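Here it is, the structure, as structure tokens.
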């Protein structure tokens, strides 16, 4: 059952707004550090999208960042000393330390995967640099739009590691040009917005951040006006089907819709369609 | 063994022709209802492609539609009262009704999947509107060509439901631009032929339906002239491999070809190739 | 542990060079036969890439071919008489012969898959014709570049068989346009370099072979300058993730990186990055 | 929705009865041929269990055989001449014949799998010999009971082939002793009822067929008295979970029960349980 | 990294103790309600085992229950009114209510799965009745021992539903006798301890609860004396391998042990073994 | 095609014999070291079974060991210094060393998996101790018989590691009693032959090694007298099906048998069966 009381979206490094028509806006708000991902940033992101999942008021989400750029990537200063750090204590048993280190990576992954598992569509708006973990984040979103000044770098090889928070899993399923995906993952080269559009990493490029944000919000508003049962089901089933055979995807979909077809929204939508009116759908 | 007697292709809402060179032409023929998919339409489609599977005379298929458009989508009038209807009897136990409702969805899915499982390549020719179930249908085809006036809408969210007859499973594997796929699935926005070409939903756009049909038939004829063992194997293995890891796809392919390499067609093809002649291959 | 002595790359039909900065260059060198794939060619290719896997000096590979074209495809003369031949002895039991024939196909597949499983990125450079088995080979590479005169044909249906050395498994995951993939697999039509670029089969088209080779080598050199732990991990994880669900890919990646994060390269890379210097990374 | 009219169970080689309390009894009735499986037998079995699936009156099934034994196995006389026969026409292309032969095996498999996919529990009662295809059949049942004179032989290797209608897939999942399973599959040795009980192939051994049948019918009656929603769901979910990871089985189960929990049966059962009464549940 | 401060095991309906040698004892402690599973019980169980996962002091766990029996099953009174209840408000949209209801089932499942995912072996001690959810719980444990008075009932069909918290996924993988598993799942019949031993549901039957508990604690102590790296790895890899093919299990195991082989424990164990001494291993 | 010349079975630590009727006998022959598995032992085992795969003369294999016991397990002295050793050089980068260490584990696994992938049934005969790697080996065999003095220990936890050469993958699929499997894997306790028989780890227990060997050879001879096409297919399909869903196992089996049904053996076997004679089948 949906929570009786509205969850809190009071975060230290995120600004979260919710419009009357069901569009949440999440802004990564650590501009003084170029939105570098400290553990606080990703833990708050995970918590925020986790709450969206059960918050019937939220129907669609726009994700952007404050300041000069989307993100400079992982907070290397913190990483160098923390549990994901590159300077482990040699006195500690590698296998023991590894046991907990693996759990820490999984926790980080889960936080970013919350964007995917929240079931509400998420539109990323990228301006300026989008580096390293930024690619993991936008690959977990549904739709990507960019400002003309945006550029993208799968930066991880340049800090001596393979991307491990989702880029290597999701980017090849987001962009259908494997030669390009491998090129940018091995070389860490800079991809301008125009190239990102060409290969399909982003759907649209707008002149600047303000216009990109406006475009994303317009799309989000149009999605939020649909039946939330239909929209949430569509996202959930797209994600399930990506990871299963067509046959398994169809079987799961049949079962899901057996339940979802009980929604009043279908009757309302068909009626509205026949009457050339616009239906209004209650929150999930 | 192939059926001894030729199967019947006498349908009420389909017109089926078979050329001497092995190209079947299926025309959805319910123009007065804008080719809306009543259960009769999809049941006939399923039966038709099921028969193609065992009919050695059929080597390649062209699928098009009569009248003003490809299809207006699901027959909502029928759906509203039938087993997929949005107005269930509240006196009936939801779980019991659901048991049979799920079977009905699976039956609908199977009918459309017959396009894929018939093992003969299918080329869809789209003109005018291609809405809702129309996307499920063309996503199950192998190659798509369009007339300039064609447009495409993943319409289901607008009737309060998630697409459940194959679009969410196949479209993301047909078009390698996930940002675009999700955009059109969430917004139900209209995609003109030109955009469909750009993202790869269709391979070619021709000025009008007649030219599109002619282009499809030319391609079909060229496919029908190849060894049917080779062509059927290629389609079957592409579909198997889509749903399995590369390693599993390779192992299944090795086993399949161990059998298929016994075909006389290889010797005939190699001989013809060396003699710069054209080989003729018997039916499957 | 890496082999103590450097492996031999002395092959009869391959020329292999290794630059000081870790870029291996493999040239298929059977120009008088248009680089047709006899069993010697693919067995040597398999052996060569198998050795690359454990050779810490090799960080990135460029694969090209000598003479007029990349390859004319399978050596049909040999195939017609050999274990993959189209003219089996009818006195031999089909099931018995099949048992060994299947093993022979698997062996051929394994040789080409060595390009993928060697864990070092491989850049293919295509000039002139790239037919049949040539497509299997370049689909197993990571990045493809072409000279303007290059053209590509999935030729197998024309010799009466389905491609069975990797094309049907990998090409649809390399190019995100299924309508196009099926078109070229069913029709065996000729795809010029420009079209290959448009659909993403190749990443770049250069005026001629020399420039294409130079471009590939420049990219390879830039990859070879990175941490080999990072690069090898990236390739390995991209391949694993392609064949698993996102969730399974993430879990495997977390485990892999728990180990890889122990590398000194991360500390060195972060330090170099902070100091705006260039780090140097020892061989794997 | 359940069929409006009761399906026909009028078969030539099966006798089908349906008790008032929802127990169907299927008797294989070709005693003069020792219940050898001609294609008519398995086609009728497939049709019969296919109809059970949508027949709300059927809640549990008992499967037994008339005459001296359960079955002598495949009807070899028919097989020797038919599509599964061992004497193919050498003039026919092996690859072409194989294409249809494979479809024929799949059709045979589907008929026997209908026992599993009908969703109603099936209890097999074995007396006398149960050979070859008999093992395929009883492995697809849920529960097996035997008369003391029963014996079991995985007979296929003795006719020069591997079992292909389900034994090799299901027997190792039915009996948790792999050393035993492989022993009986490679040697085709005779397994008496007592040994079958010990390894768990059968749940109970009764003195004779009459008592075994009575025991099976008593168990079937007790199952038929339960909520059919609960029973059908349990069988469906056991089968799904056998073929998936625990995690996937749990997720599918959660979705299934989200629907099934809407059943009135739960309230009725809980109420009856609190009142120490016996609940009565309507048909599915 | 392991938590710096010891986690709290202060629960309302569980009693948790931790011995000096690393054996945790969890007692379900709601005897006045026959240990019926209210949501508080399973939420506390989930929290408790979740904390065990990161608590290096815990090496092995014994799970038992206070009072007359292990558990009477689900708390039906609570269930009848709560989110899993059988009496939903008809005014609420079935699809909307279902969306949250599914999340609630998944949350319940996750709590019980924490027994499995905590990576420390868990030994269940059953006395008296073990009904319904009790089977879900003990199936998620590693080893089961019973007192002579114990009996087991897969009770769910008797309350009109299919078991959905793990029984249908895990019981068939715990007990290798599918005929028996399906019998008890469809009939909800009572299984005495002796029969449970015979089919392998429990490993041992002891005269009474005190002796069963003592036996479990002795086994637990022997496990806790081993290298925790070895033990935790063994449980983790058994669970991974259960859900994957042998090949995938081997590949994951190779990667896992590449890391784990760095442990000091191997050297210590080998040394101790050669010196016929007993090694002592630090906590994880 | 089968190799033209018979492969060599001249090994240093294995004795290999081949009877006229197709039964190979492999004896692990390092009695002075209690058959401890040095890398030479497992490399020779892998090579030997790899050759069996393509050697048509070999139809069934018996595997036993010379001297006092089956095996004392891994050769710890070698392991302590070699690539799997517990004392790595701390100066070496953990990630780099790990890359090659993982390949070494995979190579070891492949050698033992050759017992499974050789497609000919393998019967293990165990006498005396069977420790550690010995369990990995016999779990990869098809059938296990034991002398009365045999005992079994999953020894790995006692040397500070998880078993990684197959025990954790195969033992739970060999023995259908998960409570027992986990007990012996966590405690490394000694399992006498009688207990091994009870849980199904071995199929038979004979008074001593000579009788166990004779029994194994009698079973092997009976298997070797069957059609090798049938036997090899049965083993191959049992292994495939273990690792796939029932549906996938059936589909692969149908394809496999479409080829195998072309064997002359079926006609010969059916004819012999009708004539109550014994058929003779040529080698594979």
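To keep things simple, chains are lettered A, B, C, D, E and F as they appear, and every chain counts its residues starting from 1.
Just so it is clear, a contact is a pair of C-beta atoms (placed from the backbone, for glycine too) under 8 Å apart; a residue touches a chain by one contact, two chains touch by 3 or more.
Remember, predicted model here, so these are calculated numbers, not experimental data.
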Shared chain contacts [subunit E and subunit F, defined touch]: C, D
Number of hops, subunit B to subunit E, where each hop joins two touching chains: 2
A-B against C-E, pair bridged by the larger set of C-beta contacts: A-B
Gap in Å, rounded to a whole number, between the CA centres of subunit D and subunit B: 34
Cα-centroid distance, subunit C relative to subunit D, in whole angstrom: 48
Centre-to-centre distance between subunit E and subunit D (centres being mean Cα positions), rounded to whole Å: 33
Shared-contact residues (touching 2 or more other chains) in subunit F: 94, 98, 101, 173, 175-177, 200, 229, 242, 255-256, 258-263, 265
Pairwise chain contacts under the document criterion: A-B, A-C, A-D, A-E, B-C, B-D, B-F, C-E, C-F, D-E, D-F, E-F
Touching residues (chain side subunit B, partner subunit A) in the complex: 76, 79-80, 84, 86-88, 94, 98, 101-102, 105-106, 109, 113, 116, 156-164, 166, 168-170, 172-173, 175-183, 185-189, 199-200, 242-244
Residue ranges of subunit C touching subunit F (in the complex, touch as defined): 1-2, 53-54, 56, 83, 93-101, 103-104, 229, 232, 259-265, 282, 284
Residues on subunit C engaged by subunit A in the complex (per definition of touch): 60, 121, 142-144, 173-177, 200-203, 219, 222-223, 226-227, 229-231, 233-238, 241-242, 245-247, 249-251, 253-263, 265-270, 273-274, 279, 281
Subunit F-touching residues of subunit B, taken from the complex the two chains share: 252, 255-256, 258-259
